[in-house]
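First comes the structure, then the notes that go with it.
The chains carry the letters A, B, C, D, E, F, G and H, assigned in the order they are written, with residues numbered from 1 in each.
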Amino acid sequence: MNSKDLRTLLEGVRAGDVPVEAAAARLSAAPVRDLGHSRLDLHREVRCGHPEVVFGEGKTPGQLVEIARELVEVHGRLLVTRASPEAARALVVEVAGARHWEASGTVTVGAGDGDAGDGLVLVVSAGTSDGPVAEEAAVTARMLGARVEELRDVGVAGLHRLLEHVERLRAARALVVVAGMEGALPSVVGGLVDRPVVAVPTSVGYGASLGGLAALLGMLNSCAAGVTVVNIDNGFGAGYAAATMNRLAGDLQR
Amino acid sequence: MNSKDLRTLLEGVRAGDVPVEAAAARLSAAPVRDLGHSRLDLHREVRCGHPEVVFGEGKTPGQLVEIARELVEVHGRLLVTRASPEAARALVVEVAGARHWEASGTVTVGAGDGDAGDGLVLVVSAGTSDGPVAEEAAVTARMLGARVEELRDVGVAGLHRLLEHVERLRAARALVVVAGMEGALPSVVGGLVDRPVVAVPTSVGYGASLGGLAALLGMLNSCAAGVTVVNIDNGFGAGYAAATMNRLAGDLQR
Amino acid sequence: MNSKDLRTLLEGVRAGDVPVEAAAARLSAAPVRDLGHSRLDLHREVRCGHPEVVFGEGKTPGQLVEIARELVEVHGRLLVTRASPEAARALVVEVAGARHWEASGTVTVGAGDGDAGDGLVLVVSAGTSDGPVAEEAAVTARMLGARVEELRDVGVAGLHRLLEHVERLRAARALVVVAGMEGALPSVVGGLVDRPVVAVPTSVGYGASLGGLAALLGMLNSCAAGVTVVNIDNGFGAGYAAATMNRLAGDLQR
Amino acid sequence: MNSKDLRTLLEGVRAGDVPVEAAAARLSAAPVRDLGHSRLDLHREVRCGHPEVVFGEGKTPGQLVEIARELVEVHGRLLVTRASPEAARALVVEVAGARHWEASGTVTVGAGDGDAGDGLVLVVSAGTSDGPVAEEAAVTARMLGARVEELRDVGVAGLHRLLEHVERLRAARALVVVAGMEGALPSVVGGLVDRPVVAVPTSVGYGASLGGLAALLGMLNSCAAGVTVVNIDNGFGAGYAAATMNRLAGDLQR
Amino acid sequence: MNSKDLRTLLEGVRAGDVPVEAAAARLSAAPVRDLGHSRLDLHREVRCGHPEVVFGEGKTPGQLVEIARELVEVHGRLLVTRASPEAARALVVEVAGARHWEASGTVTVGAGDGDAGDGLVLVVSAGTSDGPVAEEAAVTARMLGARVEELRDVGVAGLHRLLEHVERLRAARALVVVAGMEGALPSVVGGLVDRPVVAVPTSVGYGASLGGLAALLGMLNSCAAGVTVVNIDNGFGAGYAAATMNRLAGDLQR
Amino acid sequence: MNSKDLRTLLEGVRAGDVPVEAAAARLSAAPVRDLGHSRLDLHREVRCGHPEVVFGEGKTPGQLVEIARELVEVHGRLLVTRASPEAARALVVEVAGARHWEASGTVTVGAGDGDAGDGLVLVVSAGTSDGPVAEEAAVTARMLGARVEELRDVGVAGLHRLLEHVERLRAARALVVVAGMEGALPSVVGGLVDRPVVAVPTSVGYGASLGGLAALLGMLNSCAAGVTVVNIDNGFGAGYAAATMNRLAGDLQR
Amino acid sequence: MNSKDLRTLLEGVRAGDVPVEAAAARLSAAPVRDLGHSRLDLHREVRCGHPEVVFGEGKTPGQLVEIARELVEVHGRLLVTRASPEAARALVVEVAGARHWEASGTVTVGAGDGDAGDGLVLVVSAGTSDGPVAEEAAVTARMLGARVEELRDVGVAGLHRLLEHVERLRAARALVVVAGMEGALPSVVGGLVDRPVVAVPTSVGYGASLGGLAALLGMLNSCAAGVTVVNIDNGFGAGYAAATMNRLAGDLQR
Amino acid sequence: MNSKDLRTLLEGVRAGDVPVEAAAARLSAAPVRDLGHSRLDLHREVRCGHPEVVFGEGKTPGQLVEIARELVEVHGRLLVTRASPEAARALVVEVAGARHWEASGTVTVGAGDGDAGDGLVLVVSAGTSDGPVAEEAAVTARMLGARVEELRDVGVAGLHRLLEHVERLRAARALVVVAGMEGALPSVVGGLVDRPVVAVPTSVGYGASLGGLAALLGMLNSCAAGVTVVNIDNGFGAGYAAATMNRLAGDLQR
């Protein structure tokens, strides 16, 4: 409720059009549906521009199906991340139009796969093992309205693989760069473009990679300006942020 | 040099307009000026949209003055971060138009202070001790062409201070949120807006704040989607990234 | 044995009422029952106001049943935390009146579920995944004599969910606030009430949550005064501390 | 503003007693005084039961004097923590009634030293080097209305020093236990009393004490239930929390 | 080979009693038996006073049986630590006289269980979960010739359980003190005796116990002089060190 | 493509021998084969002196077989590290000449086992548990053209085992030294030779070995000059580096 | 007070020889002298075999002189560790017989320098920078009655320097081994002797030595049995422990 | 002493040419000169191919001058690292031919500056702040007989600066690559050459660079094979290792 809404409501109270109790209720109510195990925020789309995203980890197949149905009914689309294989299967069976992205354990309803969407978010990844995280980022950005392309297996130890794609890098409105091990790819990409680069460290590596901490620290210390970072393996967060940036451009065009 | 440039150059070689040696030189040359102690990248503005920024830490006043003159001569403006008080004084004396931002140790030439700039980057900070980092972010974003406003002292332990400014938060194209201690402010702000939020942990705190690591970890684990993070105390990086996002919108408008 | 007891005992020795050997025994004996695998402290209720609590982790079903029977026989009630599902089933079958709280693996005898208890401990949690830890806190506080209410799914990225319950927050004598990820909820709650807030970090999160360390550090660095912290996932410790605070008020009322 | 206030305000609007603009202002205004460098929360006493506490670190003597005068004028008392020696001297000279607690760098106006205050907070410390942190806790708790006693130099390697004071330990409503090095004292004290124990790790120690982290971890892992923990060297936070617990009892008595 | 041996050998060479080749061989040979997978040091008993101990982790049942037979044949006794249940069963079946200590996964040949051995090593442990590590320490010390007693479940949160055994603590020549969680027990014990205390942190605990690091750091920072520390869960190392200290006394008595 | 190649290509363009499009293609093309899941760098042998090595972890047996066939067809040899047992079996069955090194999970085609190869890389390891990492280093170095010998079970706690092999140590061109626990062996070896020593920490150990971090830190702090370090358990990296050093000598001899 | 004392006291009470109040006083009194800033434990020599040692860090020259006089008066000797140069000078001037050991900042009264003392504690150190810590260990052990010898600059990268002293190593009853950097020396020494080895990591080193943590971890993971460890730079603790072990032998001889 | 020397010595003993005492002395003697504060290893050149290097940190000017004279007298050259400015001045004044390298605090006698030396070690550094560490590496490698070139300011965020020097990179026998912040440069360089790359992390950076740990971890996790790593800021170690590799090639050529 913004300040204009507030004044309108108060004018209604003064005019006697809005009963005091109703105004008090409006001023304290929140559009939340309580499922017992979870409380869904159904006004989020109004507030933030897109429906609530469901974090699947630790929720049972039954809980996820119940949540998914509720959200699809209200919004007509759905994004579930980190669903277990069992939960994903249940969603595909029980929720009409659900699609399972197996590498990342994402389930969607209503997301176009191909060239739909506005602008361009480019998801760049260093090695084949970074694939699941890159997929989570790509699916998320697409669900949030962006056109998305992917560029894979362009790690810094074989620079020529990356350098042959400089034009594609520069065509993107926002980039998600996914890398494990030393996490150097965002620095190199960040030096080649002047658009926002969202870096995602992955837990790929062993020993002193410390479950992705080495890559995370590398990215936070990037010598390339304009690089920002999300949590380890957080493809969702990166895709979401990149899509928000991409949409920002679109918003202003309209 | 993009692929179109490449073809043009090669056509020139075939036509005999461009001598082989000249083409070879062009293909391997880089517009770098070598000052002995530093090598300046004078083509960066062409490539990245803005001149090289000078990291002042560890450079002597004399070196900084020499670098600054070179850059101001080529680009007409200048951004030096983390200059020591001595170096800042030398720059103000020796470089025409230089201004010293004392809290953050930033020195600029050619940056408007007030309402100039396009779009809106809002720099939000939690406590008075976060001021220097917020200033570095604001000055940087302004140097990179953004209109910048600041909102200070709105930490999460006194929510009402923040909530009275929700409209301002929502008016920004991109937000920089600066906080030390537990670093919770970006999560709260991220839940109130649907624009990109760049979080900057500061080293404000003691004991288990671990020099800003606690705030950094908190921000990386933010439960609010769309939040990305830069290094501890890295106001420059945050301002740069937010200005890039802000400009992205502007680019497309034009 | 306090100083008054000591004097009484010594007077008895002087009067010849208490033989020297008996006094020596009294002065060195401790009311401990030895089961071989464990040594039970049966005087704890006298000393600390409530019977020994059993930490179920690493104990076999058989050992737990034996311990439980002994404690129920002496005290008429029982609290076992972190029982494995097998051990919990064994306790429910073998110990009369035992109830299994499945989410948290807690087993109780003699704890009222509903509105019984004095004062009010409010257990607030950020996300659905924090549920098991919140349950452990609630069951523990109830076992220790507090009336307990719960408030779930009120994470800081959707502030309005929390703000609609400010009155409930302020009605509690002591609050337990449970959160994973960035652990920001206790700071926000702590800014809204002037009663003691016990913060419990949970291991919910991934990557740089470091198994709950990020939330722990965030809570230790809380900018809200009056917040104290317990170990990661330690719902028991938080419920116990909050009940002790709650009871403190009650003690003085009587 | 609680729900009763809200209804009263809205009734006033309906009755025409309160103009719409005034009501809108009230609903969005906050009682904050802006000093340029800081924004003071002057309604905090209403909301939280005591005035804002000033964190002195990083503020200049001049800023602190300005803040102090404003707060003393409104509330008649003052608590500044971590003031530098220079700032403390300035406060003592410029602010009537100011007292400097040198070990901890605390400055107060209006706090009784001796036996004033209600209830009893006992501040227990392990070694002489823990003195400054213990003093900060004691001064803070006293400022917040508690009667405070101190028990010093009772580290666990000389148990008899502690055990001779068991009666005093048990007389307190709430205890603050301050220790560096291995941080074992709260576990031992926690096993001797059934009142809330707030543990404060100090940065006393060297090498693997890791600036107090060893003590912090020890306290978080305390085997004694009812122990909660604050940040390293955070005597203020501990004293504040203990006074809140102590007052809770008093609130209910009245 | 000490300097006396060296001179004797050289005299033999000069006298012609020892051929040059034989002396060269002696000077470079080492009494090592190579089993392909392992190389056994059969002269260790001569050099260090007891046979090589076998670290069972990562060795197959077949390898352990082969090693065990070789060592028993030469030395008549055997100590294997951290054998898997399968390997332990194989050793009990295949090696005459082998005994399996199940809690700790230790297998021995030729170790007396009861009151045999010289001096007294007392193994003190804080909680029932510390039992396996305490057993490993006790079995090891006994194998190395010490008389060993155990004192269990005497954690610092119930001091009276420990204090009733002060006489037993003071009767030991050397003490092994085993504790997880905050690891405070060695500090308390170290303050009660003037004999060497070897502290063993265990990985018992959760969350911020960090797999035993909290206990380890606590012990390293012990405020009680005379406490030395071994690795987490290293009951073997502690038992070995304590037996070495215990034997030192015995050596000198003879 | 080096500068000579570049000039030749440009001369060809000028002469009309090389069409512009072909030159543009050459200048931007990269010899990469795309298998969908992976993109193989088939020119690596030209560039780096040996074919691409396949990191088996996280790849399915089917993917590995496909990659292996492609690489064997082009290069006639193959090195796969960290293949799962299933993947290794599939490779042995499906790829002619494939050999499985079971301890380390390495699969090779075309690597001589015995005394083939030039120079001498000596792989020294401290304990039997370090065997798999030592094997990975040895197989890798042999695949890269080095003659390789191994020296096992020569940990620093039994110095004589190592000292009897000083001559062998000094005969090597480059040494790989593998050790877990405290990681002291490279320092001792580094003090005995004047050839490059590549140290490999292993994750062998428990408790405060922190999964190999203790050994890693020890090696990085080695007091012996000339020791360089690779990641924990990275036998491949060490074998590769040592073979590169060994070959360097060979290159110059030819 | 042991159990025999207890019975004697109680018999005295029964016989009327000891008044009840006196017995109660004795049972709760402790021989502590309170100096305001510190509370001295004057019975420690009775209980632990030697007077209280004074930790000088953080105490003023004046406080140390006051404490020193008190202790010298009661015990006739004194050990102060980590005194600042100013405090040390004050002690040497104000306390008769005080000697300042400059490298380590230790001050003693009544400690023989030369060959006095029983048994033999050998203090071995790796590099010249480890000297101050070695001195603290040597002075402490000497104060506690041990004969002490030192062996310096025998780091593992030059093994021959150490190996020429094997006989001296084996002559000691207990050894203190001091090393920074990778901390490998205790493992090597531990493999050469069968007496207790107390390892002291020092903060000597840089970068990844992490202020001595690398050496500490190395020592905790020592592959040589019988090695126990004290805190970083804790020469006092090591000397104390070694002297306790050394005296143990002596105790039994008498 | 190798096995041939041993046989010769023993033959001499048998023949009566070498007295037994002399042989015993030879077998146990070591060529160490004891200066009180330090023990110099004068045979190191024989054993390791170059004289002992002096670590200047923590040594007084007087001690360094004494050591330097001794070493220059025996070897005719000298390398001192990390000398304080005072010590460096003393050395330049007191030791003939001494040269001070100011950026790195290195002092040398007898090292050629220019193009002397064999082979080629290339020292590559990312930023101007990495200069001192690069200088230490270059001076060290030159002292150890290598021809050395430097390539500075070629960080990965401006790839073109590096790529114009690919030919120079490939001309080196061994490379030292110095970088702070994210430490990505060695990965990029390692992908461009097939010679050994020694990576040196520097402590350049702030916040989450953790004093160079981020760069260190990045380098250890390098995706480029053939990269080995030394300690943070350890230019000496890297230069030494690279020179050893460089010389290896030379050794075989001769």
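FYI, a residue touches a chain if its C-beta (ideal position, glycine included) is under 8 Å from a C-beta of that chain, and two chains touch if they have at least 3 such contacts.
Just so you know, these numbers come straight off a predicted model, no measurement behind them.
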Where chain E and chain H overlap in contact partners, by chain label: F, G
Starting at chain A, fewest touch steps before arriving at chain F: 1
Label of the chain whose CA centroid is most distant from the centroid of chain A: G
Which of A-C and E-G has more C-beta pairs touching across its chains: E-G
Angle, in degrees to the nearest 5, of the Cα rotation that carries chain D onto chain F: 180
Whole-Å gap between the CA centroids of chain E and chain F: 38
Distance from chain H to chain C - Cα centre to Cα centre, in angstrom: 59
Rounded Å distance, chain D centre to chain E centre (Cα mean): 49
For chain C, residues that touch 2 or more chains besides their own: 3, 28, 158, 207-209, 213, 216, 220-221, 225, 231
Each pair of chains that touches, named by its two labels: A-B, A-C, A-D, A-F, A-H, B-C, B-D, B-F, B-H, C-D, C-E, C-G, D-E, D-G, E-F, E-G, E-H, F-G, F-H, G-H
Partner chain C, residues of chain E touching it in the complex: 128-129, 131, 152-153, 158, 160-161, 164, 204, 206-209
Residue ranges of chain F touching chain G (in the complex, touch as defined): 126-127, 155-159, 163, 181-184, 187-188, 190-192, 205, 207-210, 213-215, 217-225
Of chain E, residues touching chain F in the complex: 28-30, 32, 37-39, 41, 44, 57-59, 201, 203, 211-213, 216, 231-234
Residues of chain F defined as touching chain B within the complex: 3, 6-7, 10-11, 13-14, 16, 20, 23-24, 27-28
Of all residues in chain B, those that touch chain A in their complex: 2-3, 47-50, 53, 166-167, 170, 173-174, 193-196, 198, 216, 220-221, 225-231, 236-238, 240-241, 244-245, 248-253
